[in-house]
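So, here's a batch of structures to check.
Here come two complexes built around chain A, the first alongside chain B, the second alongside chain C.
Showing the complex of A and B:
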């Protein structure tokens, strides 16, 4: 094994473990793994200080393929291990790998709470809108009416919108990206890693075996410019192959602007990711094809003190106030008496 | 037992039960009486009994809360089966507690509350003072509410606030009756109400008024003295099991020089541990109130992976919720400790009542073959040393460890001889750092522990998880031969803990007619009954298990030295099942599931039926 040396810049290969990758050929997970490995050397974090924690599902095998510290835990609970680890060891860079079933079904509660607490971790949620590992049952993000093995005449569950959920839970960084848009993917992950606080990234990911073409209606390269809109901080929301369409809010209603038919670029909403109020970010998060283009990119990036730092601050404050704890003193506290 | 001396009678042991509405302050009065008796030098033992509801309707039967304290001039092991004195603040308190009070006992009632309306709330058809209900008891009626109100007339406090002090008036009366100093309680009031001198003054006034009332009123023909006990020299404090548990875990962290991380979801009767540990921030203790039980064990495992002392605490239903994650700790071989303060089950059961129903859950309540270590304190004070033991074993053997307490231990109290720091166990933990020799599942030859490699160590990057591990490397592996080897290794590792724990001690002769074997909070009842039987010349010995998995190495030998084995438990025979299965011993159970402590009298009666003859005493 190699020892991380700050003076030698690590490369992508240094983050590739000796374990054989076992996802189905063609799976979107390969791309997410590759971009994650590619990003790691850029973070300038010693490799031994990086930990990947996952739950259960195809996605959750990822830690085995990363040559970092890793923990493949149990279904839905990765956020809880990550919180405990980060709280105990704030200096570590902690990554949570989860999926639509792991994070939003069996582990929905923990996902809610890690985000509301603003624990300083990166959460990457692979959303393929299906249960892959158990061979094709509908998930909490599957569309209404979806026909699967367990919903032979169509699912009667309304799906949850992943980024709205994250925003509702108070996540301070919320972004959406796409497995096959590798540049966007790696840039988004990089932004997430730079944010202090919970960084939540939804990756739209194809399952070519059980839900092939999950996003092709709007994510295929040919139609993407017209059906997806990339949001960028400080820039007007413009989309279309010809960059001839824009987006604005009329009250809380989203409206499409057609620049070829009288609308002006100046009318387009300028994206402000740093707003404390998540209302506009939530509207963006819920835009869906075919009515509206699907928003991609950083929907929200707003900083406030993190759970782990506040926990550490309270400890330091107590030590400053009371002095470092002394076991003998505390054992002998309260009403005592001596028997001669 | 009593020695006459004018109007003071000397007694060697007294058991008082304070009972009233759950808002009446019976717990507080009992605790103050306990502290005062302990500081005086009596041996004391207490047991609270409170409803699960925070405030059931005033005056109603479900709203009754009580606190029993036994204090003595000799060593005692329980808070007593039955009270000698009942202080009943209302008719409901009288009605619910009277069945436990033997005839001839003293009953002090708050006469002001014995009204028609309160009789109805307590389901009394007539005034129990007049219909013969209290025949054969020594009834003392004290108008506590009105005397308290009169004492505090000038206090300037609103009537509601004045009424809340009436428990202190009653306490004052009891202090006079048992010749106790008011000083400890006066000091406590000063500290407690430092920010509210008006309330402090009122509380002190009524406490004294109660005391003087006892002295001047001619209601009591005599009062009582319980001389000091003769305990081992040393410095003492009164402590509840949950306090001792928290201090034990703190001590483990200090001894191992590892930060403690406690994650827990509030649950009766374990919540106090979180409250206690949250105070220890200056020791670097991190506490987290999680969203649920699953998160609590998950966070503890995460912290443990990070090299901290990962700890979670709960009660029975919470242990059930944590099961899957405890299995993960078994598979990943991390030294997480789970404190379970048992309560009556199944399901939500009776949250504020005690039971020993989780032994088999602790042993087997996970999928697959998933052995772990289990330790169990026998008394409130012993929670301290067994909490240290839990982490000593967990870290030395890299094994999740369950600390099995119960509601009686957690909320009960007794004097604790404060240990000197140098007398605490010496403990140490090592983390590997050498990448050349490191393998995640390379075991220590003696303990079979795997190395505890923590993130942040260069060159030791590795992955663990819930999937079956390959021996040595820890990589995922599914083949038959490896799974069998790993399953047996995990079991063997837990078995080897037996080489590292003390042998089972016997109270009494090492062989004989009957061995009474117990675990956990039945200790007091068992040992009291056994000592009595021994004093009567019966061939009975006692042994109490503090280590439930693995058992002490000599347990089989001990069992074989007795003709019969009796196992009293507050369940339907869980240790009994393990002992019979493991040692093929035809042991017998004494099983009680009342939600209340095991009674000495029940154990004594059972012993009588099992022992044939008296041993001839030379």
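Showing the complex of A and C:
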């Protein structure tokens, strides 16, 4: 990401805009906004070098509430604007704010390509499994059978797994976090900001008006230790309130280890986020309660040249070979004529 | 929620200084870390705690020699809890003894974390997201209907 200016000392309040925050009381977006504002001073980047670009949705109000540059753009197209901006101004810190509807429905195509290209941006996808802004239609991540205003007898859509989509698109940093685990959320966003390349973060976010409790079954604080598993690079995959369960792969089959019944901690899979092969990360991404604990954390993080850096290299190479270039000359080159 | 064990919480790493450190060093350490307390160790053994309240009430404007060892100003042998103790136990101790920072020690008496009053607030906020964590910035901000298209 953008290099930091070490002389800048901003505080969280410097990133809070004067706009009235108009999300519904209780919405998980408040937590995501709070942690994003809390993180910004730690980046040591001037506010004028930070841009938040959103599409359409409740999530997409976020740029208004950040005292940085921003775009509230059109439905599903934030990744395209972000790609163009990063290509033109590679020194900027560019954040894409999207949701399960904006990013995976109308914007699915653009989201695929920005990740495929490895453009150096951070994408935060607020996944609340519903179309919230338009008051409660099912989304690409809503569960099969979900009853909503547009699926009165139950959705017959199979939902897309968000992190699997990102891994399949080739994102070099893929992570999942929770709106109500604020420490995990801010540390995940911080890791995403430090990665060079496309950082994709899925935030499991609760819409308390149109889809309340979407993740309650496994994400509620009381049950989370037993139903979710935090993955950390270099550490064995262990979970449970008593830290008495583990996870390993038997070939490609996920297995739960019970340390109270003969299994050993040494048998647990040690997470390696740096694997370029997305196979294990995909298995972790697709784990779902009740069969398996839901994985949260950085599933994958490896570096390869970014689109913007390769483009900059090509431009410099071309200038070295053929000079700085002149737009007028280029426009008038080739088969042109004048109408008199 | 209150029956949850302290070990289930993500507590911050404690700040340590050695017994015998000067008060000047301790204050600089607290300031640099922006911490609310520092634990004083003799080797690995916990011998005392110095909180920001202690600094305010015992050191600031008290005409003390800042080169004197922290041992003269700290609260010696602080009350501690174990990781398997509950959050309810911690709140009870804070309530009964008026503490805001409780060192958490393992079976060998080695300090592994500090449970602070702000950890209680943090735990409460995350346990009640709809009613605490995710409220609008202005307490009286209410909208008659949910905004949307």
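Everything below uses one rule, namely that the second predicted complex is superposed on the first by the 317 of 340 C-alpha atoms of A that agree within 3 Å, B and C clash if a C-alpha of one lies under 4 Å from a C-alpha of the other, contacts with A are read in each partner's own complex, and residues count from 1 in each chain.
Definition applied: a residue touches a chain if its C-beta (ideal position, glycine included) is under 8 Å from a C-beta of that chain, and two chains touch if they have at least 3 such contacts.
Here the structure is a predicted model, which means the values were calculated and not measured.
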A:77 contacts which: chain B (first), chain C (second), both, neither? first
Quick one: is A:334 in contact with chain B, with chain C, with both, or with neither? Answer first, second, both or neither. first
In the overlay, answer first, second, both or neither for which of chain B and chain C A:134 touches. second
Considering only touches as defined above, state whether A:292 meets chain B (first), chain C (second), both or neither. neither
Between chain B and chain C, which makes contact with more of the residues in chain A? B
Mind working out whether A:26 is in touch with chain B, chain C, both or neither, as first, second, both or neither? second
For the complex, give me every residue of chain A touching chain B. 1-4, 17, 19, 46-51, 53-54, 63-64, 66-74, 76-77, 79-89, 91-92, 109-110, 112-113, 311, 314-315, 317-319, 321-325, 327-328, 330-340
The answer for chain A against chain C in the complex is residues 20-31, 58, 132-135, 179-184, 206, 208-210, 212, 221-222, 225, 241
Contact set on chain C toward chain A in their complex: 1, 4-5, 8, 10, 122, 125-127, 129-131, 133-138, 141-143, 146-149
Chain B residues touching chain A in their complex are 35, 38-39, 41, 184, 188, 231-238, 247, 250-251, 254, 259, 261, 263, 280-286, 288, 290-292, 294-308, 310, 324-325, 327-328, 332, 418-419, 421, 435, 455-467, 475-476
